Structure formats: C-alpha cells, structure tokens
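First chain A sits with chain B, and in the next complex the same chain sits with chain C.
Showing the complex of A and B:
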C-alpha cells in the first residue's frame, strides 16, 4: 500500500471559527476512504481542501508526493462529484462528460467521442449522450457527474455526499455500483457522508470527524466493534452505555459493570487507555438477547422488565429495565419462527456476554 | 346568464384583464393603427387627403436624407448598445460575484440613483460635463494635457452616444445581474475541478449562462434608443440629428404627419427586423453550443 494523500498538521480557520483542527491523515492509493461525521463537523471542508477549493490556514497537503500549497484546483490530480452534481445545464450529456477533455489536445475528435461513450457505458448511460442535461433525473445526473470525473482518470475521485439527494432504493443501488466502479477503475475514492450505514457498507477505511477533528480512523469492523470513544460509539449504530468501575488493569481488566456485576474482560476491549476508577461499558443492542419461553442458553442471564416495544417486521426492538441501571437496555431481536412479541411490562431474562463489551472512558 | 359567466373562472379572469386590455388598446393599438393609416394618406395643406397612396414611402426611398438619417440612427443605437452592455457586464459581474450578499440590495439601490433626477436634467448635466467650457475641457487644460478645448465631445454623434449610454446603463446592468445571480456557483467550481482556468471557466460557463441576460439588455437598450429624440436634439448639434428628430420635424414643424408616420413605420420595421435577427442568431448560436 502506497500513500497517495498525506495531510500533515492541517488547520483551517474562518475568521475565529476553527473548522479543521490539526488533521493528520494518510490515504492510500486505490483505497475507498470515507469521511464520516455529523453536519458541520468539517468533513466537506476537508474534502474541499484536498480538491483545492479551500486553502489551508496551516499545515501541508501532499498528493502523489507533491506539495499542493501552490497548485490551484484546476491543476490538481483530483476530480469531484458535487453534492448538487453541478451538471452544466447549457450542455448535452455528452458535452458535459467531454468537458474536461478540451485540454487533451493530443486526442482527436473520434477518440474523444469514443471515450465519452465508454464513460457513459461504464455508468450505465450508454446512448444518453445527445440528451439535454436539464432533462435528466437525479440518479442520471449523478451518473453523468461520475462519468465526467472518471473520464479524466484522476488519481483521486472526491465524492461530496453524492447519494444524499437520492431515494432509499436508488441510494442502495448506487452504493453497490460505486463499489463496483471503484474496483473496476482502481482509483482512490474519498467519500464524504453523514450516513454511517453508507460509510460502513462502502469503505475500506473510515475517518469519523467531530468538530473539525478526527475522532477515530479505522476499518468499518473495528469502528463498529471497538469504537474508541462514546461519541464515536453513539454516532455509529446504537449502543447501550452502563456505568462501570475499573478495579485493576493487567493483561485482563477487572471491572464492575452496573447491573451486570464484577467481570473480567480482555485488554483489547478497551480501545482507549483506561485506568483504575470510573469508566463506561458499551454494549450493542444486537449482542444482547431475550430468553424466550422454551429457548435455552449457556450465556449469562439477568432479570428484566420490558419497558418499550418497537416492532419493525423482521426485527423487534425492546427497551428492557434491569435492576440497578437507570437507563433501560436497548435490545434488538430477530423475529425468528415461534418467537412471540413481548408486551410492555412482561417479565423477561436478558442474555448477555462480556466478550461484546467495550470499555470507554 | 351574464352574472353566472362573470363568477366563473374564465369570466373572472376576463374581468380582471379587461381594464389593462382597454388601456393598452387605447394607448398602444389605436395610435399604432392611426400611424399606419396616416402613412398611406397625404397632407393637403390644412386637410388630410385620405385616398390610399404609397407616395410617402416612395419619397423616403428616393430622397437620400432619410436613408442617411436612418443609417445614422441605427449606428448610434448599435454603438450605444455596445458601449452600454460592454460597460454594464463588468458592473453586473462585480455586483453578483464580489459584493457581499447582504450588501447587494444596497448596491442595486445605488445603481438606480441616476433615475432620481429627470432625464432632461441628466442630459443637461452631460452638457455641463462635455461642453466647450465644461468640466472635462477645463480640467484637461488646467492639468496641461491640452491647450485648446476639445470640440469632438459635444454637439456631435459622440456626445449623443455618451449621454445615452449613461442613461440606459441601469437597464443593461439589471438583466445581466439577474442572469448572473441565477448561475449555480458549484458549476464554476466543477469547471475548475475539470481542469479549466478561471478565464476559461468564464468563457465556457459564466458567459453562455449569462447570455439570456445579455440578450435582454441588448434589446432593452437598442429598441428605445432608436426612438429617442431629446438627447440628439440637445447634444447632437447639426451633425448629430437622428431619424426621430426628422419624424418630430415632419409632424410638428413641417405639418406633414403622413410622411412622419411613414418614417416612423420604416424605423419600426428596421428595429423589428434587427431585433428578430439578433434573437434568432443568438438562439442558433446557443443551440449550436448545446
């Protein structure tokens, strides 16, 4: 893996607003990288910094080993798919796609036309070249924007919330297509999104950003299973938090979790450095379970009372109150054959396992 | 029956549109028809001879003065339009792209300031600026750049062009500004992202998308300047008179309304033909690019 983009100590100020704080980041060639975070976290600013639309107040942006400080956006080896797609309304689809080819003087007209048709075929718009740009649907606009960027064979394709304007079905379809495209062309993709599911599905690695900082940078599985802070844990998926007290730290961690009692967990389950004293134990809803009538388990059990039931069809989400914990536990259960949906107030038993705990500060 | 019709959707629409319709008929259509009819009549000293004749048009075609005046009028209008639009574009561009959004309405307001005084007063002001002992001449003499007052800036075609270009500036700035405002700024970023410099982005994105505004500005300036006779009367001197002055002279001084009407019709047809050609060429040009 070779580093393609390196950001070192990047800061960005707007007047007295600190939009990017000390960003250090390496993105590898051929990687599908995502910048994930709530709105206003600086992810789009970071993307625009790489594209060259924003200057950095402080720090160095390198692409392909070259410092980009004095390189304007039009000379950078990056191309962008804008959130609004930015399709030129006065041009046809083919002219939009061919827009960036004007400077390739060594290519003759038929070659360019062939490249345009290939690019359109690649995004599933073969034969759409003559259409007027303003007559396209949202999904088609996005494909044109993709073809227009990819035809230039950039080193990096930047995608600014490209799927946020599409409906759910279309979005899921485009997610799969984007992954396929990225594998096909082998170009580094940097995706900006606020949709955690989208980031998890598509990315090789994800940087989660909060308030101009990178909170955690990891592959999707690590990010989901071993979040390094409460804010990352609660931004990505759902997580139950239980107060805990760390008693001793060695190769194993000796910890007392409220409602679950004293237990030992492995050091890997504490991504943040923890020391003796108060901490927080996190546990995902789908790693908890409810013991239904007639089912057995060799896992640990704790008594509880159903507080809330939300039925989703394939899943049922329960809030279950257990002794000694103020906040009810959120539990996700698959509606398998023979399983009833419990009523509010029903007495039940919660299945849990200390291996699914993550210990946070 | 009638009350039922008037309460229906169509009836109410008709009711609403009829006052302005009558007004327009009275002030636009009737005078136009009258002018059209007059142009085929003959003035017989105090009375009008209403037998149909093409003599007025024949006279216009035969006497070179009318053709020359019309030509000069078209030249002046074209120059005024070119000067106005070329100067208005940078102003509109600055306003749209470089003025802070919360200041834009203030700037628009400032641009309309020339309208606060009467058109006539503004024309006289230009006389003061451009005159033999005017601001420009005394200024340049005092600075020592010239020894004698410049004479080519007043009482000729140049003075007419300068004055009209100033008078029509806001009419050109506003439509261009509106067209520029409508351009999605991410299009400009997209163009740069695709490798184009700022200048080429202007040529390939900003200018084509601003064309509807430019076309609007050209028509708004070109059409009324042909008919203007106040500015050439006051600023044009002997060599700066235009077709509109001739029409006025025919109607009032020479008491030959039919010939004046025929001249007006010819001028109108010229303007219509040129405007339509311009719009068509522009449409073809835009289509050819898209």
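Showing the complex of A and C:
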C-alpha cells in the first residue's frame, strides 16, 4: 500500500474558531476512506482542505508526494461530489458530464462523446445524455455528479455526504453501488458522513472526528469492537457504560466492573496507556443476552429486572436494571422462535461475557 | 363588487394620462384640450426635424446605457459577494450600499455638484450625470440581483473549479448563465431610472441637456407641447417593446435553468 495523501500537522482557524486541530493523517492509494463525525466536527472542512477550497492555517497537505500549498482546486488531482450535487441546471446531462473535459483540448469531439457515454453507463445512466439536468430525480443527479467527477480519472474522489439527501432505500442501494464503483475504478474514495452505519458498511478505514480532532482511526471492525474512548463508543452504535476500577495491569488486566464484579480481560481490550485506578468499561447491547425459560448458557449470569421494552419486529431492545448499577443495561435480543417478549417489571437473568468488554479512556 | 370598482378606478387613474399621450400626439391643434380637432402626423414630422431634441435623446440614451451597464456590473459584484461570501461588517456594508435607495435625489444632486465643481474643479458633462445615475441605480440593481444570487447554490462555482476551470471561467460558464435573467431585469430597471431621471440631470448636465431636461425646457413654449406628446408616445411604445423582450428573455432563462417561475419581473 502506498500513501497517496499525507496531512501533517494541519490546523485551520476561522477567526477565533479552531476548526481543525493538529490533523496527522495518511490515506493510501485505492483506499475507501471515511471521515465520520457529528455535524460541526470539522470533517467537511478537512475534505475541502484536501480539495483545495479551504487553505490550511498551518501544516502541510501532500497529494501524490506533492505539496498542495500553492495548488488551487482546479489544478489538484481530486474531484468532488458535492452534498447538493451542484449539477449545472442550464446544461444537459451529457454537457454536465463533459464539463471537466473542456480543458482537454487534445481530445476530439467523438472521443469526448464516447467518454461521456462510458461514464454514464458506469453509473447506470446510459442513454440519459440528452436530458435536461434539472429534470432529473435526486438519485439520478447523484449519479450524474459521480460520472462528472469520475470522467476525469482523478487520483482521489471526494464525496461530501453524498447520500444524505436520498431516502433510506435509495441510500442503501447507492452504498452498494459506490462500493462496486470504487472497486471497479480503483480510485481512492474519501467519504464524509455523519451516518455511522454508512461509514461501517462502505469503508476500508474510518477516521472518527470530534471538535476538529481525529478521535480514532481504524478499520470498521476495530472501531466497533475496540473503540478507544467513550465518545467514539457512543457515536458508533450503542454502548452500555459501567464504572470500573483497574486493580492491576500485567499481561492481563485485573479490573472490577460495577455490577459484574472482579474479572480479568486481555490487554487488547484496554487502551495502551491503561493504568491502575478508575476507568469506564463498555459493553455492546448485542453481546449481552437474556436467559429465557428453557434456554441454557455456559456463560456468566447476573440477576436483573426489566425496566423498559422496545419492540422492533426482528429485535427487541430491553433495558434491564441490575444490582449496583444506576443506569439500566441496554440489551438487544433477536426474536427467535419460542422467545416471548418480556413485560416491564419481569425478573430475568442477564447473560454476559468479559470477552466483549472494552475499557475506555 | 366594490373591490372590482376600486380596481377599475385604480387602473383608470394609472393609465388614463398615458392614453392621452397618443391621442393628443395625433391631434391637429397646438392646444391640449378636448374636443379633438382632427388627425395629423405633423408633430412627429416636427419631432424628426428637431436637431436639439435629437441631441438630447442621444445624450439620454448614452447616459442610460452606460449607467445601466456600470451599475449592473457593480450590482453583480455586490450581490455575488453578499450571497456567497462571509466577511466582516457584512450587514453594515450591505446596508450602506443600499442607502441611496432612500436618499432624496436632490441631496445627491447638490452634493455631487459641490464635489465635482467646487472640490475637483471639473466641468459638467454627461459623465458627471452617469456617475450620479450609477450611484442611484446601483442599489436597485443589487436588490434585483440579490434575488438571482440567493437562489444560486454556492457549490456550483466550486464544482466548476473542481472540474478544472479557473475562478473567472467558473463564474462565466456557470454563474453568469444562471443569473442572466436577473442581469437583464437589472439593466432594464437601471436604464429606465436613468432615462427619465430629472433632478440630478438638471443639476449636473453641462451644455447639452438630457431628454427630460430638454422636455422641461420645452414646456415654457405651449406651442411645442404636442411635440412633447409625440415624443412621449414613442417612448411609451418603446418601453412596452423593451419590457416584453425582457420578460420573454427572463422566461426563457428560467425555463433553461429549470427554476420555477415566481412571476413578474422585479
């Protein structure tokens, strides 16, 4: 894997506002990379910095080994799909897609027309060239925006919340198509999104951003299973938090978790800088369970009382109160054959396993 | 019912004086009064041979054209900045730019006269009038163009730049065609304001008067009133033609940009 984009010590200030704080980041060639975070975390600013629409206040942006400090947006090897798609409404679909070819004087008209048709075919809009761009649906605009950016064969395709304007069904369809497209063209994709599910589904690696900083950079599985901090854990999926006390750190970590008692976990379930003292333990709702009548388990059990029931059809989410913990545990259960939906107030037993526990900063 | 009567009365009040223009322009009498005495095209013939009137009309057209173009260019710059950029004291600056809209023209006229003659010691010419007309037209242009630019997605220009165009060609290829209807409306309004503006032109015109100033001069001679009527008739016909063209262009522009027609110009 070769590094394509390198950001070193990048800072961005808007007057007094510190939008990007000391960003150090390497994005590899051919990677599907996501910038994930709540609105206002600086993810779009970071993307626009790479595109060249924002200058950096401090630090270096390198693309393909070249310093981009003096390279304006129109000369960078990046192309962008805008959140609003920014399709030119006064042009046809073909004219939109061909827009970036205006500067390629060495290509003759038939070649350009062929390239446009190829690009449109790639995004599933073959034969749409003559249509007026303003008459397209949201999903079609999105595809035109993709074709328009990809026709230039950029080194990097930047996608700024490209799916946020689509309805759920369309969004899921486009997620799959984007992954397929990225594999097909082999171009580095950088996706900005606030949708954790979207980031998990699509990315090779994800940088989770908070308040202008990268909170964690990891592949989707690590990010979900081993979040390094409470804010990453609560931003990605659901997580139960329990107060804990680290008693000893050796090859294993000796920790007492409120409500679950003393237990040992492996070092990789804790941050590297873990030390003896108070900590927070996290555990995902789907790694907990409820022992229904007639079912057995060889895992650990703790008594609890059902506090809240939310029925989702395929799943039921329970809030179960256990002794010694103020906040009830959120537990996700598949509604398998024979499993009843418990009532509020029902006495029950919670199944847990220390292997799914993670210590957080 | 009473509302309908009101509406009809209102329209009569608006348009009856204008309808009088062509009636008396073709009336064979120097006195503007009913009953009409007969049909003639003499006044138009006289109009065609009046050299000093021609000079005044030419002056006015020149001033109106230059003022319309200049104030629209300034308006485009201001409206674009207002819609697409954030900068310090933006609200204050935009407010001050719009102020001449409510400034009495007589004040603009007197102060410009002082500046031009007393401070800079320049002669009065068409250019002094143009400067003043640009001053009063620009806020109107900005008000019209603001509408056009507010509807515009700021990402459009960025998208064009992202696809390899320079800042200026991005503006030319994307923004300009999309705001063209606004530009046409703006030019037209500025042109009209400048063409019939009297106070400033009266104060600031040099040896060669503009059309309104010349007409005002004619009014001292009752015999030339029908000629003024003839001139008025031509101007009304001309503005109807102009407005129609502008409206057609506007509709075509909207259709091309796929924007919903929100009716009327302005």
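The rule is short, and it goes like this: the second predicted complex is superposed on the first by the 360 of 361 C-alpha atoms of A that agree within 3 Å, B and C clash if a C-alpha of one lies under 4 Å from a C-alpha of the other, contacts with A are read in each partner's own complex, and residues count from 1 in each chain.
Heads up, the rule we're going with is that a contact is a pair of C-beta atoms (placed from the backbone, for glycine too) under 8 Å apart; a residue touches a chain by one contact, two chains touch by 3 or more.
Bear in mind the structure is a predicted one, so any value in this text is a computation, not a measurement.
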Practice task
Overlay done on chain A, so just call it for chain B and chain C: clash or fit.
Solution key: clash
Handout entry: First (chain B), second (chain C), both or neither touched by A:79
Key = both
Handout entry: Partner chain in contact with A:9 - chain B first, chain C second, else both or neither
Key = neither
Exercise for the section: Quick one: classify A:95 as touching chain B (first), chain C (second), both or neither. Expected result: first
Exercise for the section: In the overlay, answer first, second, both or neither for which of chain B and chain C A:324 touches. Expected result: neither
Exercise for the section: State whether A:262 touches chain B only (first), chain C only (second), both chains, or neither. Expected result: neither
Practice task
Answer with first, second, both or neither: which of chain B and chain C does A:135 touch in the superposed model?
Solution key: second
Handout entry: Touched partner set for A:148, first chain B, second chain C, both or neither
Key = both
Practice task
In the overlay, answer first, second, both or neither for which of chain B and chain C A:340 touches.
Solution key: neither
Fill in the blank from the handout: Dual-contact residues of chain A, meaning touching chain B and chain C, are 51, 53, 72-75, 78-80, 82-84, 86, 88-90, 99-100, 102-103, 132, 148-149, 152
Problem - Residues of chain C defined as touching chain A within the complex - result: 153, 155-156, 158-166, 170, 173-174, 177-178, 256-259
Problem - Complex interface listing, chain A residues touching chain C - result: 51, 53, 72-75, 78-80, 82-84, 86, 88-90, 99-100, 102-103, 132-135, 148-149, 152
Completion exercise
Residue positions on chain B within touch of chain A in the complex are 184, 186-187, 189-197, 200, 204-205, 208-209, 286, 289-290
Fill in the blank from the handout: In the complex, chain A touches chain B at residues 51, 53, 72-75, 78-80, 82-84, 86, 88-92, 95, 99-100, 102-103, 132, 148-149, 152
